[in-house]
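Look for subunit A in each of the two complexes below; its partner is subunit B in the first and subunit C in the second.
Right, the complex of A and B next:
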C-alpha cells in the first residue's frame, strides 16, 4: 500500500519520528509544529510541548496557528508562563528535544540565521538557546547548496563548533544536533561531530545530495532510504498541516 | 521624591495616546516594546511614535514582529537591541534589511541577543544588578558583542560563564487586557519578557483593551503582573495591538502581516503604506474605522 506524498510531508513524518513518548519538546513553528501534532496522535501521546513565548501544552492546538502566540495555542494550554521560565527549563536541562532551522548550516551542524552573503536575516530568536541546552536538537531545512556551506559565515546557533569535544570545551551543556531532516534526506552526526548522510528520501539521489552540499559529505556505511510516510502518517499530516 | 517618579504616584493616570507618548518618550530614548513575542504588541503606541516623528530611538525587545520594522522604516530608530527582527508570518523585515544593508532611511546599529539573553538583560535591570550570568550561546558569534556580553569565571567554581549586561529601558510600552486608572494591570496569555521589562524600565506606559474599576483588579491579584506603582500613564486603546492577537479579545490578523510584507518590499511602497495607515490618519479611532467591519467581526473573540 502506498500513497503519493510531497517532500514537505516526508520531512514532517521524519521529524515526527524523532519525538519519543514522554519527552519534553521545544516546538518551533511550521513543520515542527505539525510533526509534534502527528507524533502526539501516533506514538508520543504523553509528550509535552514547550514554546519560547512561555506556553506549555500537553495537547495540540485544535485550530491552525501561524505563530505560537495565536489564541488557539493558548486555549487548552497547561500553562502560560514567560520567556524566563521556559528558557530556565532549557538551561536547567529539562528539555529533551528542540527543533530548529536556519538559513545556513555547516558540516558540524552550526546554524546561521543572522547574516549571510550581505543579507541581514532576522536573527536568533530562541534558536541559539535551544541549540545550547536541549539534550538533543533536530534541524529541519531545505537542502540547497547556498544553505549547506562548509563553514557558516556567522555562527548564530552552535552545533559541534569545529568538531570533536568542542561543545564540552566551550561549556555548552546540551547534547547538540542529533539529526538534520532536509528536503533530500536524513543526516546524523559522527562521534567527531560531523554531519553524515543516513538515508535518502525516495526519489532523491546521492548525486542530488552531493551537488547541494558545499563540502565532501560523509556517507554512512549503511545508508538507506527514508521510510515513506504511512497512510496513517499522511492522513494525520494532512489533518494538521492545513496552512501549508 | 525623585521627579521622574512623580507620575507614578497613586493618581489617575489616564491620558490620550498622543499625550502619553508626548510626555513619556523623548528623542534618543531606549524604548522596550513587543515584549510578549507575537501577541500584545503595542502597534497603536508605535504608530503614535511615528506620527509624532520621534527620532534616534533605541528599540528593545525579544522579537516585535513587524512593529520594529515599521519604526525603522519611518526613520525613528538608530539602534536595536533584540533577538529577532522581521515578519513572523512572512520572514524578513524589508525596512530592517534596508537600514542595516544600505543605511536607508538611516544607518542602524544592531546589538544581537538571543531570546534568553534579552530577557536576562531586562531581568538584571529589574533586579537592580549590573549583569546576570548564563551558560547560553557559548561559542555563538552573538556573545562576541562586548557591548552586551563578557566572559566571566564563576567565583565559586571558576566555570566559564557569559555575563549579560543589564539593559535599562527609558520607557517600556505594553499593551494589556485591562488596567485601572492607577495603572494596576491584568494581563494574561503568553508573557514573554513583559513583566521583566515593566520592572526594568524607568517609565512604563500601558495601552489597554479595557479600563476597569479597582475592584476588578483586587478580585484577582495574582493576575496583577504590573502594579500601578511602576506605571506612569494608562491609555484606553481598544484594538491597540492590531494586527497582533490579544488573548480573550482579538485573534491575529494574519492577512495584515502578509499585506505589509508586500507593501514594505520597496521603499516607496512602504512610505505610501505609512501615509495611508499612520501619518494621514489622526488617531487609533480613525485606524479602527478604516478597518472593515468584516475584519473586526472575524477577529473578535468572545470575551474570555
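Right, the complex of A and C next:
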C-alpha cells in the first residue's frame, strides 16, 4: 500500500531521518522545521530544537509559524534565551546537527548564499556560523545545474573547502556537512570531503542527477533508492507543513 | 534629591534625532513608527544596521547609502529583500558584508570600546576578500587563525518595546531576544518607541524585567511596530507585509507604481502615527490579536 507524494515531501522525510533521538538540532524555518516536527513525532521524541533567536524547545509548535519569533514558537518552549546563548552552544560544540540551505553548492559542500554572477542573494545570516561550528550539517537544496557548480563563486558557508583535511588545517571545529538532501536524491561525503551520490529518489535517474550537476559526480558503490515516505510520514508531513 | 528628568519625546521630536549621513541600527521588531517618520522627512545617505523588510522599506524610500548587512531575506515567496537586491545590483548602495556572529562581535567591540574582537566564524569563507575591514589574524595565545572584527558603532539605536517608564527604563515583553541589547550597548544613543508608558513604580516592582536601564529617549507608539509583531500586544500582519513585498518586487521588474503608492499612502502622506493607523484601519488592527 503506497501513497503518492511530492518532491517536497520526500525531501522532508529524508531530512527528518537525519535527526537522531536526543540530539540538539539547530532547526531553521520552512522545510527543516517540518522535518524536525516529523522526527519528533516518529523516531526522535527527545530531540531538542534550537532557534537563532534563542528559543529552545522540545515540543513542536502547534500552530504554523512564519518567523521564529511568532507566538506559537515561543509558547511551550523550554527557554527563550538570546543570540549569544545559542551562538555559545554552537561554538562549544553542543549543537549536534544544523540544517542549512543555499543558492549554490560545490563538490566539497561549500555553499553560496551571498552573490552569483550579478545576482544579489540574502547573505549568510547565521549559516556561516552553523556550517563552521555544528558537529554536522545537513544541506537541503533544489537540484539544478546552475546550483550545483564545481566551485562556488563565493563561499558563504564552509563545507570541506578544497577537500581532504582542509577544515582541520584552517581550524574549523565543527564536523562539516554529512548529507545533502536534494530534489533528486541524497548525497554523502567521502573521507576526502567530496560529495557522493548515496540514493536516488523514486522517479529520478542517474542521468537526471548527472545532467544537473556541474562536475563529474562520485557515485557510491551501493547507491540505492531513497526510501519512499511511509503513510505515517506523509500524514505527519501534511499535518505540519501547513504553509506549503 | 535632584529631580530626575523625564525622557519622553513626541514622535516628531524623536524623529528629528535622525540626520542625513548618520549610522542607525534598527531593532527587532522594527520601530516602524520612527522609520516611517524618517521616510516622511526624506532623510538621506543613512548607513543602516538592519535586515529584512524594514531595511528594504528604507532602501525603497531612498534613505540608505550603505548597509551593514548580515542577512537581507524577503519572505512571502521572495528569497531576497527586493529593493535591497535591486539597489545592490545597480550599485546604488554600498554593502558592508558580514554574517550574524561577526555582526554581534563588531557590536560588542563597540560596546567595550575595543579596537577589535576576534570571531572564528567566517574563517574559510569569502568574507575577508570582499570586506577588507575584516582581517584574518593569528591569535597571540595559541596561534589560531581568527577574524579580527572592528567595532560596529551606530550613532543611534532605534528600538521597539512593550513598555518603559518616563525615565527610559525599558521592559521588553517576553525578553528582548535578537539583537536589541547588542545594538543598545554599541550605539552612542538609544531611542525606544513603546506600546505603553508605565509608572516608575511598576518598573521597580519587577526590576528583573528591565532590559535597558536609561534609554536616551522614549516615544509613545501604540501599534508602532505594525506591520511587524509586538510581543504581548499583537502579531505580525502577514497580509500587509505581503502587499509590500509584491509592490517592491513589481518595482524590480519595471512596474514601480504600486510601490510608489505604498510609500505615499502609508509613509509620506500621514503626518502622524495616528494618521497612519487610521489608514490601516481600526478593525484591521484589532484583528491582529495574539491569542
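What we mean here is this: the second predicted complex is superposed on the first by the 244 of 244 C-alpha atoms of A that agree within 3 Å, B and C clash if a C-alpha of one lies under 4 Å from a C-alpha of the other, contacts with A are read in each partner's own complex, and residues count from 1 in each chain.
The rule we apply is simple: a residue touches a chain if its C-beta (ideal position, glycine included) is under 8 Å from a C-beta of that chain, and two chains touch if they have at least 3 such contacts.
Model, not experiment: these values are computed from the prediction.
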Subunit B and subunit C placed together on subunit A: clash or fit? clash
Original post:
For A:36, is the partner it touches subunit B (first), subunit C (second), both, or none of the two (neither)?
Top reply: neither
Request  = Answer with first, second, both or neither: which of subunit B and subunit C does A:148 touch in the superposed model?
outcome  = neither
| Looking at the overlay, does A:54 come into contact with subunit B only (first), subunit C only (second), both, or neither? | both
Between subunit B (first) and subunit C (second), which, if any, makes contact with A:80: first, second, both or neither? both
Check: Touch check for A:187: first (subunit B), second (subunit C), both, or neither?
Finding: neither
Go through the superposed model and pick first if A:69 touches only subunit B, second if only subunit C, both, or neither. both
Just to be sure I read the superposition right, which of the two partners does A:5 touch: subunit B = first, subunit C = second, or both, or neither? neither
Subunit A residues contacting subunit B in one complex and subunit C in the other 52-54, 66-67, 69-71, 74, 80, 82-84, 87, 91, 114, 118-129, 132-133, 154-158, 161, 166-167, 170-173
Residue set of subunit A touching subunit C in the complex reads 52-54, 66-67, 69-71, 74, 80, 82-84, 87, 91, 103, 114, 118-129, 132-133, 154-158, 161, 166-167, 170-173
The answer for subunit B against subunit A in the complex is residues 36-39, 62-63, 65, 82-86, 88-89, 91-93, 96-97, 100-101, 110, 112-116, 118-120, 123, 134-142, 159-161, 188-196, 244-245, 247-248, 251-252, 254, 301
Interface with subunit B, subunit A side, in the complex: residues 29, 51-55, 66-71, 74, 80-84, 87, 90-91, 114, 118-129, 131-133, 154-158, 161, 166-167, 170-173
Listed in rising order, the residues of subunit C that touch subunit A in the complex are 28-29, 51, 69-75, 79-81, 84-85, 88-89, 97-101, 104, 120-127, 130, 144-145, 174-179, 181-182, 229, 231, 235-236, 238, 290-291
